[in-house]
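Chain nomenclature is as follows: A, B, C, D, E and F, assigned in order of appearance, with residue numbering initiated at 1 for each chain independently.
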């Protein structure tokens, strides 16, 4: 049983590390900031998620597991918000995504906040 | 008021999960801290049905496992695309309808979109979410509207007690 | 052993993300990199706790995650206000 | 030596090297936004390093204060001033470089006498610390030695620090606490 | 035990190098915010130096628990803990001064300010 | 009211009470694990700073008026020094917590708790004060010359 749990957490942790590495590699390789956001969310979701689940298996039913769950929930809760805020800030500063067609650019640009509605 | 009580309950659960000490002194301090937090939250006027959504708690049982499955699948897809590079990646912008009734539902939808790798919501407007997608595959997955329908179901019967500022256009 | 491997992998990820945050090219890439870096730091702290056999200090990870979030929000907010170069009208500075 | 000790030592050196990379980048970049972001990363790396060096309380503080609050404050200052730096005159840079290399060489020479990293027999570990470690639990009933020393054994010290923080906050209030009075004669800088 | 001395003095050396980078930034750059960042770098590396001295190999964090006999040295931790908070307080004071300097002179470059002083 | 910042606002509304409670947890558990007044004060302030960033400085000041933060700023220091004075009144030396209670160990625990509370209060108030001072300042355009 213990060996089984060990194998499972090995697999999960290595999987998490692999996803994080791919995400970090994507941050280097992809072309613009919007594309890199997808790579970053690889780290924020499965990267950290699998590693934490692997460690939860090792910790068993203790307060450590509870705290791991709390950290994981917090990250899953906040990382899309941070990413979205970043995307909004980029659009507001006229950093638009690199896309194929002009209509798509327009679509992205149409989300720019008008200065009049800024403060409210 | 109901929401304040529910917030207090949630905070108590949070405290118990964090603390793990059952000394009287710590318990008293904990109770005082929880009351203080509820008081401050009331002062900040952040206890409302957006700030503390009790109406969706039970619907989430089916939604979140589904979301987790989607996250895993799109993680694998994006990881493959990054490793393959070149033609696999075609960044694009699309707009999808968000037919949730109130703001909270739209926020859940937008956050679910962002949480799934391969799609990032870059703008949210009345009923429309602008999405940046990394590949055709993830974009098409979003165009089917499956997630949208599920978030609608998550909201269930929309709460009639919508307060001002909740979701009026 | 398992944790040592995980820590090594996380350190490599940190190096890559650090390279992105130094290379830029614009401020948004840097913010994104800093945000990911924070997540990696959270991971590293948790792994290190298990590596040394004292995993009770996960409150630290929670603080890192929290500060990372608040920091990112603050930065995006300030970037929009300051503008990249030319001054933005700042009538609503109260809303930073 | 177990693999855990070796890997934590490696991690320690790796984090220090990352800090070095970040510091060099801070010195070279001229976009102040980037500089502030990198100094946030630098603090975060420092905090992670403290965890690796077993100073969990310090890491806690550094993460909250160094990486969080001071980054926000620096961004606030940038918002109130400017976000680009002018080029540095090379003569000055060269003098500064020579001076810092010289001072660094002297300091490194001074470390040659120091006990090795992590040596349990170093003098620092034999002076007052054994007493703290052995008796603080019986004397104060607090398992966290850092808290016990901070609040009880070195209570005067911490009182002083609290006063410093109080004074600093007062100072900030005096300097920029009040909104600027609009000048009508046009001598001061005008509002944007 | 003594045969394995991997970081040896390297920890102190790297900390000193970091310190000198901070010093260089403070001395070489005219921009006041950059100077503050340089001071921060200097400060953090001093902290690292202190904490490195307090580390005892194989000794975990100084939070007493049963079945652990050797701990890292808590004294540097206490000193640095308070120093960090004081550091941010003084940083805030410095930044407030910079804001005032900018309001008075319209610049945060040291040499500009000196020129303005001389012109008056 | 339906604004594009809505995601930030809704999520922060949900998070802020938990951040504040976490800060208080750190404050009271400083005896057992990492944490204590310095850290708790900063995290507590961070909760308010997040609120101020998202909802505006005016709203923050309505929730937390400036007289109140100044009061906290001073009373934290006062609590700390007051503990010392109380120890003197009860027959000990300044900041000697042994005499605060019949049992010296219990007295130490009480003293440490109170002192940490004072530190936390001061740090919290100082951070909020400093943040509000920076955020409430108007920007000036550089003089052209």
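What we mean here is this: a residue touches a chain if its C-beta (ideal position, glycine included) is under 8 Å from a C-beta of that chain, and two chains touch if they have at least 3 such contacts.
Values in this document were obtained by computation on a predicted structure and should not be read as measured data.
Asker: In this assembly, which chains make contact with chain A and also with chain F?
Answerer: B, C
Asker: Quick check on the contact network: minimum steps from chain B to chain F?
Answerer: When the steps are counted carefully, the minimum from chain B to chain F is 1.
Asker: Chain with the smallest distance from its CA centroid to the overall CA centroid?
Answerer: C
Asker: With chain centres taken as the means of their Cα atoms, state the distance from chain E to chain F in Å.
Answerer: Result: the chain centres lie 24 Å from each other.
Asker: Please work out the Cα centroid separation of chain C and chain D, and write it as a whole number of Å.
Answerer: Roughly 17 Å separates the two chain centres.
Asker: Can you check how far apart chain B and chain D are, centre to centre, with Cα atoms defining each centre and the answer in Å?
Answerer: So the centre of chain B lies 36 Å away from the centre of chain D.
Asker: Hey, what residues on chain D touch two or more of the other chains?
Answerer: 10, 56-57, 59-61, 64-65, 68-69, 72-73, 76-80, 82, 143-144, 146, 150, 158, 165, 168-169, 172, 175-176, 180, 188-189, 192, in rising order.
Asker: Which residues belonging to chain E are in contact with no fewer than two other chains?
Answerer: Expected reply: 60-61, 63, 65, 81-82, 84-85, 89, 92, 95-96, 99, 102-103, 106.
Asker: Name the residues of chain B that each touch 2 or more other chains.
Answerer: 14, 18, 110-111, 123, 125
Asker: Please give all chain pairs that are in touch with each other.
Answerer: Those chain pairs satisfying the definition are A-B, A-C, A-F, B-F, C-D, C-E, C-F, D-E, D-F, E-F.
Asker: Can you check the complex and tell me which residues of chain E touch chain D?
Answerer: 4-25, 27-31, 33-34, 36-38, 40-41, 44-45, 47-48, 51-65, 70-78, 80-82, 84-93, 95-100, 102-103, 106, 108-109
Asker: What residues of chain D sit close enough to touch chain C in their complex?
Answerer: 3-4, 7-8, 10-11, 14-15, 18, 21-22, 25, 29, 31, 33-34, 37-38, 40-41, 44-45, 47-48, 51-52, 56, 59-60, 63-64, 67-68, 71-72, 75-76, 78-79, 83-84, 192
Asker: In their shared complex, at which residues does chain C touch chain E?
Answerer: 52-54, 56-57
Asker: Which residues of chain B touch chain F in their complex?
Answerer: The touching residues are 7, 11, 14-15, 18-19, 21, 26, 29-30, 33-34, 36-38, 40-41, 43-44, 46, 48, 50-53, 103-104, 106-107, 110-111, 123-126, 164-165, 167-169.
Asker: Taking the touch rule as given, give the residues of chain F at its contact with chain B in the complex, in rising order.
Answerer: Counting only chain F, the residues touching chain B are 1-2, 4, 6-7, 9-14, 16-18, 20-22, 24-25, 28-29, 32, 51, 55, 59, 63.
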